[in-house]
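These are the structures, in structure tokens.
Next come two complexes built around subunit A: one with subunit B, the other with subunit C.
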Partner chain A sequence: MSIQIQNVSRAFGTFQALKDISIDIESGELIALLGPSGSGKTTLLRILAGLEGLDEGAILFDGQNITNVSPKERGVGFVFQHYALFRHMTVFDNVAYGLKVRPRKTRPSKDEINKKVRDLLALVKLDNFADRYPAQLSGGQRQRVALARALAVEPKVLLLDEPFGALDAKVRKELRRWLRKLHNEFHVTSIFVTHDQEEALDVANRIIVMNNGKIEQVGTPEEVYEHPNSPFVYDFLGNVNLFRGRLHKGKLTQGQFEIDVPTYLDSHYEVVGYVRPHDIQIEKNQLNNESVAAKIVHIHMVGPVVQIELKREDVDEYLEAEIPKEHYKKLGIKNGDTVFIKPKQLKVFVPEDFSI
Partner chain B sequence: MELTLKKRKKNTIIPGFTMTLGYTMLYLSIIVLLPLSMVFFNTFSMSWSEFWQTIAHPRAVASYKLSFGTALAAGVINVIFGTIIAWVLVRYQFPGKRIVDGLVDLPFALPTAVAGIALATLYSPNGWVGQFFDFKIAFTPLGIIIALTFIGLPFVVRTVQPVLQNLGSEIEEASASLGATRLQTFAKVIIPELLPAIITGFSLAFARSLGEYGSVVFIAGNMPMKTEITPLIIMTKLEQYDYVGATAIATVMLVASFILLLLINIIQWYTNRKFSLQ
Partner chain C sequence: MTKPLNVEHDSPSIAGHGATKSYAMQESMIVKWSLIAISLVFLALFLILPLVSIFVTALEKGWATYVASITDPDALAAIKLTLTVVLIVVPLNAIFGIVAAWAITKFSFKGKNVLITLIDLPFAVSPVIAGLVFILLFGAQGLFGEWLFQNDIKIVFALPGIVIATMFVTFPFVARELIPLMQMQGITEEEASISLGASGWKTFFLVTLPNIKWGLLYGLILCNARTIGEFGAVSVVSGHIRGMTNTMPLHIEILYNEYQFTAAFAVASLMSILAIITIIIKNFIEWKAKDE
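Now for the complex of A and B:
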């Protein structure tokens, strides 16, 4: 089902949680609402579910205005961060709940409910846990019950509020993969809230980056990661190094240090260049004034990528670089060495839109 | 035996198991078991036939029925209205909420005789409230139920309130998003979650009502066979220096209360089972 969010605003007292939000979501998309806490992402999700009212604007499901429709009638499945399972019911009864509370006319027969619940429990790999109570399950298992429970009512939209937030790293990864698989099988329009950029980049087809109640950027994971349209998005989607300086005739200068930025031809004082850690090149010798001296503070060497923390020698700033292990071995550098670093790729944001 | 004790010592992280258990046993023995055993001990000075005659006396039997019946009725009333009060105090904000919250505890603090006199005055046939009713309230079992409801109210409110507070709104939202009506959410989700607390509140209020004397004697009218509660029979026997007879009746009360509370505890255990790991 497609969703249109039109000019939605919502305030809690004096706090403006959402400011004039508009997005179109197509049927079958898997969307991540990404943002720091307090950015309004959970509020937006709850408004979609009808659990929260809105001050202005409208929500359309398949072109129909459902702004004033109760959560009960919206046909959405909602998965809570802390599962919100019914503790006094078995896993089976939890999953069957949505079917059992239907009015008699639309309620499936007992056998149908039975079959459906068994199928769903098989889908979430909890077939053997039907008679357990939530208290007897692990966090990951509970979240899977919550998912099965939401899916039992065959929702047209699946909304997940930080679904993996309370789980440990390994279970999280597993459930992420599982959610994507599930989405590929069912094609139900799904929106999940997260503050974990890796999760968003990994799972979603499209990411909506939110900050301060506004949408910063909407795009595919590649688009938002490779072409962030604001310093905020750049900073929020992964680690970043800042190079402050002056922009003049396609060069960013900072003292002796100069970086070529041929795409920026206008002149500005005080701009900030953004460089991802893996876009920083490390050399042992200075070639020209396009590189700058820095001292290695810490080397973190787990996995195929070596993370190096550096302190610049000209200004009091720290940098972070990531280089492949082989390259690191070839360089033969160690803690305390002075090396020369050069940004390979740099994105410049001009004054009026940098806010960090 | 020694081995198992040693084993337990090794396995537990929480210190002081033997000490605290020993203290618990000693404390319970002195405070609860010793006085109660005196009741039985005193009763043993009677012969079986004397004992049976005392406890099976029609006046005594009528009083058992009255005491347990009214305590049960008051407990049920308190469960319904106590839960509603707890609900209101937790869920809604209104001016004077703290005062209402404080009012709930008043039956705890008020001397029961004062409560009894006040209630008797209000509900007597020409009292402020009693005059509006065609039937008698004070000096009937109805009056006893009112007095017992009054003194039992805080138990239910104060046991349900914290549980309701911790319940949170998420499970209600989950229920609503799964298509349940408000009534279904209340009946199938909220009430079962509250049930263990409600049962505890009920058993506390019930136990308190069984032994209540002060507030009841004023409103009951104390007519033998009709509105005479068991604690009053015990008092009357004591006043006539019939200590053995008094303890015999007390034994019946004690055993019956113990069995009832044990039953409630079993139900409690059964409903609680789901909420804990095995």
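Now for the complex of A and C:
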């Protein structure tokens, strides 16, 4: 089912939680909704589910305006931020609930319900937990019950609010992979909220980045990660180093230090260049004034990449670089060494246009 | 739900302290046992002793007199009236209590705080004043007195008056019990239910009610106990018509004023038994609720 969100706004009292949100989502997409705390992600999902009203705008499912349709009729599966399992029901009854409450005409028979619930519990690997109560489950298990419960009613749209919220990294990864598999199997249009940019980049086919109740950017993971359209998105998706300086005739200058930015030909006094840690090149010797001296403060080795923290010698600023382990070994550098760094790729934003 | 505090004595988790049975620890033992002793003496003096004396006095003149006092037509009428009032008041207050608690906890609206304060009003007002208010409203000289008389509706000095006064006095029990419970539980389970396609009624009966059932029962028990025992408000509106508008407490008072001590205590013993049963059920509910 395709979803169209048209100019949706929502205020709580005087606080504008959502401002003029418009997104088109095609049938079968798996969308990640990313943004800092309080940016309106939950509010947007709740509006889609019909649990929250909207002040302006419209929601269309498959081209039909459902803005005023009750949540009961929307056929949306909602996995809540804090699970919201029925605490007095067993896992089985939780999953069966959506089928059992159907009016007699559309309700499946008892055997059909039984079979369906068993199948779903097998799918979420909870076959042996059918008779437990939510209080007797771990966070990850509860999460999967919530998912199975939402899937039982065969929703046309699946909304997941931080589905992997309070779980440890390993379980998150497992569930994340599992969600993608599930999505490939069921082709339900799905939107999931996450705080974790890595998760969003990994699972989703498109990412929506929200900030302050507004949409910052919508795009594929590559688009959003490689070509952020604002400093906010750049900053939010991964670590970043800042180079402040003057822009003139395709060069960003900061004191002695000059970087070629051939794509930016106009002049500005105050600009900020953004460089990802893995786009920082480290050399032992100075080549030209395109590189700048920095002292290694800390070296952190995790797996195949080495994270290096540096302090620039010309200005009082810290930098973060990531280089492959082999390269690191070849360089033979250690804590306290002075090296020369050079941004390989740099994205320039002019602060007048963007307030950070 | 108001549960007794779980004070853990001599916690076993303090490891390594066993060797040094310190002076401080001995002192705390003395404090502990003195406190327990004081509470026990207090309980015996003010609760057990009176309770025992009720039964002793009731049975003073033998079993036959006891049975006769209870089976006296006026006594039976009083028992019947009390039970009738219970059967009307408790279910009605259950419904009103749930509705009020639901409105307060699951919706946000203007004047919510006023409503919460109003629910507490019966606890703040003396029952006698509550009774007088209903006399002022429905009595012969009251605001609606004329109209009621013309339409031949009897409220004051009749069952409706007793029911209304009792309802007023016992209204807060259910709502007060449910509001904090429902506030704590929030509305996410209800939202989940609705988004799974359940109607409002199904959501209430399948999700909300099971979640609040122990709190509700607890409130009903308290409401029930107070309904049986209510004296002040009922005394004002009942008119003390023997065999007709006397509830059990009123009947006891009349017997007592007429120096029929044995009979008075016999009926009182019956009420005490009801009270003891109530306490047992209450404890059972607390125990059950904690279990879940």
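Points to keep in mind about this one:
Everything that follows uses one rule, which is that the second predicted complex is superposed on the first by the 355 of 356 C-alpha atoms of A that agree within 3 Å, B and C clash if a C-alpha of one lies under 4 Å from a C-alpha of the other, contacts with A are read in each partner's own complex, and residues count from 1 in each chain.
Quick note on the criterion: contacts are C-beta pairs under 8 Å (C-beta built on N, C-alpha and C of every residue); 3 or more make two chains touch, one makes a residue touch a chain.
These figures come from a predicted structure and were not determined experimentally.
Considered on the superposed subunit A, subunit B and subunit C are sterically incompatible, since they clash.
After overlaying the two complexes on the shared chain, residue contacts for A:Q136 are found with subunit B alone; subunit C is out of touch. Within the superposed three-chain model, A:R172 lies out of touch with both subunit B and subunit C [touch as defined at top]. Of the two partner chains placed around the shared chain by superposition, neither subunit B nor subunit C is touched by A:K347. Of the two partner chains, both subunit B and subunit C are touched by A:Y97. By the touch criterion defined above, A:H82 lies against subunit B and subunit C together after alignment on the C-alpha atoms of chain A. Touched by subunit B in one complex and by subunit C in the other are residues 49-51, 70-74, 76-78, 80, 82, 84-89, 97-98, 101-102, 149-150, 153 of subunit A. Within the complex formed with subunit B, the subunit A residues making contact are 49-51, 70-74, 76-78, 80, 82, 84-89, 97-98, 101-102, 133, 135-136, 149-150, 152-153. Those residues of subunit C that touch subunit A in the complex are listed here as 188-189, 191-199, 202, 206-207, 210-211, 292.
Only residues 170-171, 173-181, 184, 188-189, 192-193, 195, 271, 274-278 of subunit B touch subunit A when the two sit together in their complex.
Partner subunit C is touched in their complex by these residues of subunit A: 49-51, 70-78, 80, 82, 84-89, 97-98, 101-102, 149-150, 153.
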